[in-house]
């Protein structure tokens, strides 16, 4: 494979993808960096001059900043934990012999196709609503006061929706992983005297580790920018404002592009911290 | 310890009967090899003995105890799989220790046993590697290590050497034989390989479509195959089976003669033929000969100067002639 | 020509869409509609106008945006509309709120104030009579009496939902009647004042007593739905809601609704707001004439007559034109008078008891307001939900507002 | 492992799995059911499950209010083209990574993925300005470009993991057989990777279909896809559950049906090389 | 047509030199087999000849023309890969036609050639199948078919039979030999398999770590290995290499004797030893013997009644004794 000619060709074939992505990353990034140092207020006439680090200082010292970082991490971690744990269990279940496995699979995968806005709306109005939601109906039917899900458990509500969306993804990858396990390994473990639970912990879970990392990586990428689910449900109230949402408020509601851009830079930094962290584990796991 | 008895064991997968009623006794300390064409049920039989598959009917007794309903872990057998089935995420040490850990043995005892097994198997230097970092032969040894630490009453091997290259296969074959001589534990061994079957077994079980065709020592099978199937199956290159007029001369339906029991001459002999291919190995020469009796293979010790197209004469060694009736069974 | 109109997805606007053919028939221009939910609409049009994207030929905007945008020269002045149009007929309160420096920049499609809508049957059952102009104390007392948790009847429904256009509008309008204000004449935020503390404490106290569960997430839609299902004794909200709650098709209580002016506290200011959804033409568009012709059509008397003829007087867009209220047919509509009275009793230039530097009843027409008010309303919502005390919420609100105002250079 | 499991076990498995499956699917089912109810039935207590007056009225209302087919068409074009172009750009890149790996291959791949972590809102304003400059606002071209760029990293990664499973010897054989590089890719690699390419297309089609930030902010009327369609129902006057459900059903139905039909392909491709 | 000459060819991968300067001439029509331990550079050498890797220095000439800078497609060579590298999405016909299509040949001509090749290779009935529907041997033939239609000046084979099972391997071996006899095209063949190398080659090239240890005909290598490495590498079972006092008796550092050149007796002989393992194949018996001279292997034709632990005597056939100096090289 490795003749000089093929290496040159490889570089050229890689070029289009790399160049467009580089452009896609750099142009807005540079513009964001530029704006973040400007006092840019469109409603006051646009660019009002150099702002130094004011935007950065203001953004990070704002009382909303750290809670937003925390909220972001809570939602990402919460969803990851739920989807991975339930995904593993569900994958195990679906791996068992049963009737109508194909149909169950279809049922389980469905939420993945639902656009976030729709799932936010459906969950908020038809399930979580404390008056007309199904949960409230159910609660009333058994004589319990309906819970104000969105107020009393805003994170739960958001994580519920994001988990519902991503559980199918996790389940399917993990199911494929389980199915790829060499059955002789399980036979061997059984001969070695490992009961079911131990076979699960010692054989199946380690076998899935690679798949789990991929699930985590992909989901993190998408969850870091969760927006519609929050917009539709809590609209950022009750402490559920993520970094993305905070930037959205600064840019679109306050129309303070400079401040929002500084927030964007912070978000990029956060994303990269998460990314580096992820790449460490993923990189290792993907090699193996 | 280590006597295994199968009584009228059958196995069906859904509609298909893979093992028709089968009786077999495997004596204590024996090295038994199962051979047979692909799909004949060798692996299935092994897995039935291991308890990895339920038998459909019949009983399996281990050391005189009915083990039919006993789980695989409790039968006291150890199995070495074709793929080795090592746990890829554990080090060699942990792989070997796994059955002991499952048995709840304490760490010190486990350590001692693992160390002992590793030194027997020459694995001491690799204890901290993962299976992925080992060569085929080393993996094979880890799989065996995992089996021996349990001190099973019998070992089950399912084509353990088929993934190795030729040279390594020879070495591992010797190692397993030596292991058997050291441990004196019953071993049941499935293989496709002629040489393995002949050289390792105390007793060979030849299977065809789940039926036992013949059971006996390797030389018994070599010398007195019970039928044409066994005759053609045991020995390499294959026995030449000849029917028609030439067989009728001997009063049977088929006669058989092994390639090594034919003398070749350029001058004259019983059967004439033309060499199609001459393979010169240095130590031997294999001649593929087209004759009136059909395509035949003969072996000549050392080097013989023949080439493609030469005409030769072959003389069978009558003392080694095999005779089979119309039903394929050996006639005395 | 085809003009693109960005509009909000409320009932009157959607009705207007269905009459687009009439407009096309009249002028030959066709229309592309971009219908969006209120918040999304606001973002979209704001981004577009500030970045000069030029995607829309007409934007639906409110009283908040119009003066700011007009001042920046982003809108086409509407002071040259045709004589037929009768611009003078537009209610002065509306025209005033949609002008900057005396120039009209957006034509009101409909206008609204807020008022009390109440259930006459429940009021009777409680043994009370709703005065024309109730006080907050009366409202609170009545609410308590009407509340029956067993039948899920809540004495009063008010918006608590975060967002400056949702709960923010209600609480600001209410605070006016308590004498509170957003900023003093030096643009200093006033959340540390006693008036604000009184407002929030009163609001939360009353809602906890008599409001629906989860009122902290209720906005206009949720309350409308509750009221229509008969779960609210009183609802103080936009005057346009009157036509929905009296519409027998959707409302189970259509024939049991009474109306009253928004309550006061005896300080001389009532707690009603003033708002208009209006059509404006962004300065960049190439299709000014077509756009103007649409605005003239959609906000004309003719359009009102068209709707009245097809769907009845109760469904015409209210609150924009004096002539509508002079129409004897329209006067038969039960809430017509109360709507007009409410609109007339709001004064965007002097919204509250003390003087303020800003224009706007339930908002302050400065660019920073939306951002600040959204944040502040989130703090209030958290207080309503019991996640923090009123004092904490106000302290945070003060900090947020101070910070933002400093950032903006006041 | 292949020991006979009792029919009872299988029944229990079936029961549990079906319950969980239905539970997960329930929100969608409920939405679909609600879309056929009257508004009053939609919020009735106790909830009406199947026994209500089925009506198509909501669909009629939604269709009357907005031209569904145009949104649908835009969605199909935008999601389809962006994915297709993405794949066309990604195939050569993935070829390079899989068959001529260098020390930097993995770095490049991870870098590509990291571009997906940038918060979109943060760059909305710059993007808007760029779009104005290029005259791309409210054009399908613009959206196709943006969505292609958003999904490109995922596409490259998926194709890369697929290609890696194809033995390099086959490409070498083609080279020996006299195929030039483009021919090698067109005649040998691409057809061999058809299943992989199909599942890549599918997944990214779905991701593009559901993308709601850029599609909403960069379109007005002409190029608006279904995400914009649903945005006009997200908070209508009053809580019209039935109409909301009808609109939601209309927005998700095409992709749901497509997803179901291609489930197998999709699942296989989704694994990102996580499963060997 | 088909002469290949390597002149001072070297190859490095990064820092490691896989092929040190190497000269080799492969004559027209020769069947040359490369053998050597795993990792010695056999595949690399083949790929250098094919043009799939750049050579680091030196030149490759094909038919007297410098081909160093010529791309793989232009060298006029055809390669059959270990995995066959068939195009799975094309029918057999399309697979075979592919190189012709790439060469821009017209459809009729392609068809004629494919039909001809298919009939030579007995593939006519399978032309419309996909590779996935073929057996291993058929796939192998398709790969060859794809190579022959191009009428290359030489074929390159990289372990083409290693994926096949034993029986099929024998058949395919014969088929390739016959093909060579028919086409008379130069063939370069890489294998691990002793038997393949011995039986197929006109000329064997023994490689070690990229160096050529010896080039010669199979029997030349068998009879007169140039050094201990070749002596140990060619022949199966391996030649016994003995050094120390016994070798000194013959005035050299090491002597070698093949297992088949030792006579065994239970009564007496030159060297005494104890049998560790006796492998009875029926046709032969391999004895692994522990003797004072070290571990030795001997082969006895037919059956010999010895067991583990027996003491035996071994007498080497002096005419077949190999002598090597301290540098490992053969002394005459």
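In order of appearance the chains are A, B, C, D and E, and numbering begins at 1 in each one.
Everything below uses one rule, namely that a contact is a pair of C-beta atoms (placed from the backbone, for glycine too) under 8 Å apart; a residue touches a chain by one contact, two chains touch by 3 or more.
Just so we're clear, the structure is a prediction, and the values are computed from it rather than from any experiment.
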Chains contacting each of subunit B and subunit D, listed by label: A, E
Most widely separated chain from subunit E, with each centre as the mean of CA atoms: C
Interface with more contacting C-beta pairs, comparing A-D to A-C: A-D
Whole-Å gap between the CA centroids of subunit A and subunit E: 56
Whole-Å separation of chain centres (CA-atom averages), subunit B against subunit C: 89
Centroid spacing, where centroids are CA-atom means, of subunit C and subunit D in whole angstrom: 39
Sites on subunit C at which at least two other chains make contact: 39, 43, 47, 51, 222, 225
Where subunit D touches two or more other chains, by residue: 1-2, 43, 124-125, 129, 172, 231, 233-234, 239
Multi-chain contact residues (two or more partners), subunit E: 52, 71
Subunit E-facing residues of subunit B, complex: 165-167, 170, 174, 177-178, 181, 192-195, 198-199, 218-219, 222-223, 234-236, 258-260, 277, 279-284, 286, 288, 299, 301-303, 308
Parts of subunit A lying in touch with subunit D, wherever the complex brings them together: 1-2, 6-7, 9-11, 13-14, 16-18, 20-21, 24-25, 27-29, 31-32, 35, 90, 93-94, 96-101, 103-119, 121-123, 125-127, 132, 134, 137, 140-141, 164, 167-169, 172-173, 175-177, 180, 183, 186-187, 190, 210-211, 213-215, 217-218, 221, 224-225, 227-228, 232, 243-244, 247-248, 251-252, 257, 260-261, 263-265, 267-268, 271-272, 274-275, 279, 282-283, 286
Residues on subunit B engaged by subunit A in the complex (per definition of touch): 47, 50, 52, 71-73, 77-79, 81-83, 85-90, 98-99, 102-103, 132, 146, 150
Interfacial residue positions of subunit A with respect to subunit C in the complex: 41-46, 54, 58, 62-64, 129-132, 145-146, 148, 150-152, 231, 234-239, 241, 249-250, 252-256, 259
Of subunit C, residues touching subunit A in the complex: 39, 43, 46-47, 50-51, 68, 72, 161-163, 212-214, 216-217, 222, 225-226, 231, 367-368, 370-372, 374-375, 377-378, 381-382, 385, 387, 396, 399-400, 403-404, 407-408
